[in-house]
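So the structure is just underneath, and the comments pick up after that.
Here the chain labels run A, B, C and D in written order, and each chain numbers its own residues starting at 1.
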Amino acid sequence: MAGFNKIVDSYEAAMAGLEDGMTVLSGGFGLCGIPENLIAQIKKSGVTNLTVVSNNCGIDGFGLGILLEDRQIKKMIASYVGENALFESQLLANELEVELTPQGTLAEKMRAGGAGIPAFYTATGYGTPVGDGKEVRVFSGRSYILEEAITGDFAIVKGWKADKFGNVIYRNTAQNFNPLAATAGKITVVEVEEIVEPGELDPAHIHTPGIYVDRVIKGNFEKRIEQRTVRAAQ
Amino acid sequence: MALSREQIAIRVARELKDGFYVNLGIGIPTLVANYIPDDIDVMLQSENGLLGMGPFPAEDEVDADMINAGKQTVTAATGASIFSSAESFAMIRGGHVDLTVLGAFEVDVLGNIASWMIPGKLIKGMGGAMDLVAGAENIIVTMTHASKHGDSKLLDRCSLPLTGAACIKKVLTDLAYLEIADGAFILRERAPGVSVDEIIAKTAGKLIVPDYVPEIQY
Amino acid sequence: MALSREQIAIRVARELKDGFYVNLGIGIPTLVANYIPDDIDVMLQSENGLLGMGPFPAEDEVDADMINAGKQTVTAATGASIFSSAESFAMIRGGHVDLTVLGAFEVDVLGNIASWMIPGKLIKGMGGAMDLVAGAENIIVTMTHASKHGDSKLLDRCSLPLTGAACIKKVLTDLAYLEIADGAFILRERAPGVSVDEIIAKTAGKLIVPDYVPEIQY
Amino acid sequence: MAGFNKIVDSYEAAMAGLEDGMTVLSGGFGLCGIPENLIAQIKKSGVTNLTVVSNNCGIDGFGLGILLEDRQIKKMIASYVGENALFESQLLANELEVELTPQGTLAEKMRAGGAGIPAFYTATGYGTPVGDGKEVRVFSGRSYILEEAITGDFAIVKGWKADKFGNVIYRNTAQNFNPLAATAGKITVVEVEEIVEPGELDPAHIHTPGIYVDRVIKGNFEKRIEQRTVRAAQ
């Protein structure tokens, strides 16, 4: 029986079914905790007209930035972009659409998408361009705007360890948006550094329960550092 | 004389109280961590998902999976917790952070802040700034009092697109520490050697000058 | 002859597919866990915060901190995960559970279900039932076809306050297995030895009877 | 410096400031993971006219049920009640107000209360008495109702282990509503079985970060079992 064995053996299989025009949610903050090999597979697959939802869009030549090289991204939903020159030039040339979303709202939109909540109110963005055209409502004397959930055709996620059931834990601050993206993909693909036996992960400390996960693959990671900062030697 | 970046950070650090959870923005606010008084404990929140941020790592401690909101490699302090971005912003947006320090382009007498977007220039995004200003009761904005061209950044109404509306009550510039209340800036302290007249000249928004405006002591 | 509780559970278990995440309500639905076919794997979700519910514990395994939604002591299966009630209902309300099985007082031809409240009687509450029926695409209701007094529970319109609106597509009673579509019950299977006429007599809501209605095989 | 040392030494100190008419959020599901000693302290304190928000209301003589004995609860917000005779008699005598709330909505309301979300839309309860009088809105062709957040003057929480900073982990299914209540109390009090040194809890696996917690106390627990169910010996 296949049962709950979600492990796939190739990146082709991991991203099978991704098509032009789909929406892809990606975990990661900056270059930390990004599903780098799944992104590379998207590049390799050549699909285009993607809407990508991620806090950032990588850098030139690494992370989601590589999807700009062949203009695979039609629209980017992010809180902070422009760490790379290609992004900037495509944006200025109107070859790329960008929807800037406050970081907390972006996280909450993904969580809501996974949790069956179509929309929620938040104070974030009220009175700013983010609130333009959105419903405003007052609760207890304070104004809030209505924000809608985000879901994706695919969610691509970078975990630390997973079992074949798709239970995942993340390492340190590489957690970030990963568990949120994981809940909101029609197909959720998780690449991890290590696959462990079911039962090895403490049930009370699993970050992403397997019910959210469709495919698991073990990868090798470069884990590039964006701002290497050290303190002076003592 | 105008305050240095370090002097601004030192003054901000005096607003810290024992037991405060604090979020420090990128730039000058980050420097505040270097001046936390010895007799108090504060815990730093980094919005990418870390409560209890420690110092930068030693060379052999550098870990690609342990960064702060500025994408710098950091360490976790003893007793830290690490969590998702949704949990991190639940803390921020739910009002659990005691103090937020962040930079700005402009602030006005209504407590509006503009810090993320200059039309015509490349827009990189607001990151977590809109969440931080909407979520915190207690915010200190740090910035220069005027632009390089001498234009005041303390206005009657912000000219740039807002980051948040009616949320700022405290501003520390290189010239002065001001509170915002009742539709005006109130000049509370001035940089050593900076005259009240200079501050008046460089403040475009309505300014209330109390009878006595002490110099910031260093 | 009307199906026994166990026979109902056995028939429901045939709806399980390999790899299904399943939430089983209290009562007859709970019995389904005893009849999961050997050649498939399913994982049971308990809405108090457990995915991968195992069997009841042995005497020396009983743990007050490990219970199911019926407040019974249980065990966790290998590969289980445990989480908060918000996370548990995120799974349920977000549509991640493949099949929900629960009891009801009444079901009607629109797929409405009433299962939690009988006016005039003490109301104990809906627990997680409203979340489960709103969150699942695939729900099987198990109940007796008629009350002890012979009143049909399959109606044109539920008479009791609803648990959920237009959400039920499959009903298994002690007499029949029915689907709900296009404003009618469709009789798909009948209990061994139960005549179509008896089912027609005990079904108050609009009923469509196909030419051939097989008996459920045991 | 007191700093982040949140440990208190008495249950009086743990519940100091609780007054008549306040709202108290309680963790627990049935009798599992309930803050039994904090509840006992509320009884001892004699405060009345409380609004209590909890999935259940205990049983006769244990858990929140004991607050009924001296009529300390004015209003109960819960998903499932009536496991005790006293509750039933007070309800029928109109001495107790009850607001029944679907379990998932109740959990989400507490989370929203802690997370600065004043209200959200959910399909749960649409077309039922729960939806009566609430705004209905259609998203993507489906109807949802608007539900508002819940916060409390106090949150009372039962953890397994905590450090003095207020970082908490829960044991097995005793987690349930506890981490949600913890986020939504103006004053959040956590009682635990064990207090550990800071650093002993893995930072990536803390269920409730200390920022939500105001007071921590070590208690002794009866942990009564509501439905003791065992399988036949082999």
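Definition applied: contacts are C-beta pairs under 8 Å (C-beta built on N, C-alpha and C of every residue); 3 or more make two chains touch, one makes a residue touch a chain.
Computed from a prediction, not measured in an experiment: that's the story for all the values here.
Student: Compute the shortest path length in steps from chain A to chain D over the network of touching chains.
Tutor: 1
Student: What chain lies farthest away from chain A once each centre is taken as the mean of the Cα atoms?
Tutor: The most distant chain relative to chain A turns out to be C.
Student: Can you check which chain pair, A-C or C-D, has more C-beta pairs in contact?
Tutor: C-D
Student: At what distance in angstrom does the C-alpha mean of chain D lie from that of chain B?
Tutor: The separation of the two C-alpha centroids amounts to 35 Å.
Student: Report the inter-centroid distance (CA atoms only) between chain A and chain B in whole Å.
Tutor: Here chain A and chain B have centroids separated by 29 Å.
Student: Got the chain B residues that touch at least 2 other chains?
Tutor: Answer for chain B, listing residues that touch two or more other chains: 76, 82-83, 89, 92-93, 134-135.
Student: Touching at least two other chains at once: which residues of chain A meet that condition?
Tutor: Residues 108, 111, 115-117, 122-123, 171-172, 175, 203-204, 207.
Student: Which category does the touching pattern between chains fall into here: line, ring, star, complete, or other?
Tutor: Chain contacts: none of line, ring, star or complete; other.
Student: Looking at the whole structure, which two-chain pairs count as touching?
Tutor: The set of touching chain pairs is A-B, A-C, A-D, B-D, C-D.
Student: Considering the complex alone, what residue numbers of chain C touch chain D?
Tutor: Touch list, chain C to chain D: 46-50, 55-59, 62-68, 70-74, 76, 82-86, 88-89, 92-93, 112, 117, 122-131, 134-135, 161-166.
Student: So in the complex, the part of chain D that touches chain B is made up of which residues?
Tutor: 1-4, 111, 113-117, 163, 165, 167, 183, 198-199, 203-204, 206, 209-212
Student: In the complex formed with chain B, which residues of chain A make contact?
Tutor: Residues 29-33, 55, 78-83, 88, 91-92, 100, 102-108, 110-111, 122-130, 160, 171-180, 207, 223-231, 233-234 of chain A touch chain B in their complex.
Student: Can you list the residues on chain A that touch chain D in the complex?
Tutor: Residues in contact with chain D: 108, 112, 115-123, 137, 139-140, 142, 144, 148, 169-172, 175, 202-205, 207.
Student: Touching chain D in the complex: which residues of chain B?
Tutor: Per the touch definition, chain B meets chain D at residues 18-19, 21, 39-41, 43, 45, 51-52, 76, 78-83, 87, 89-97, 134-135.
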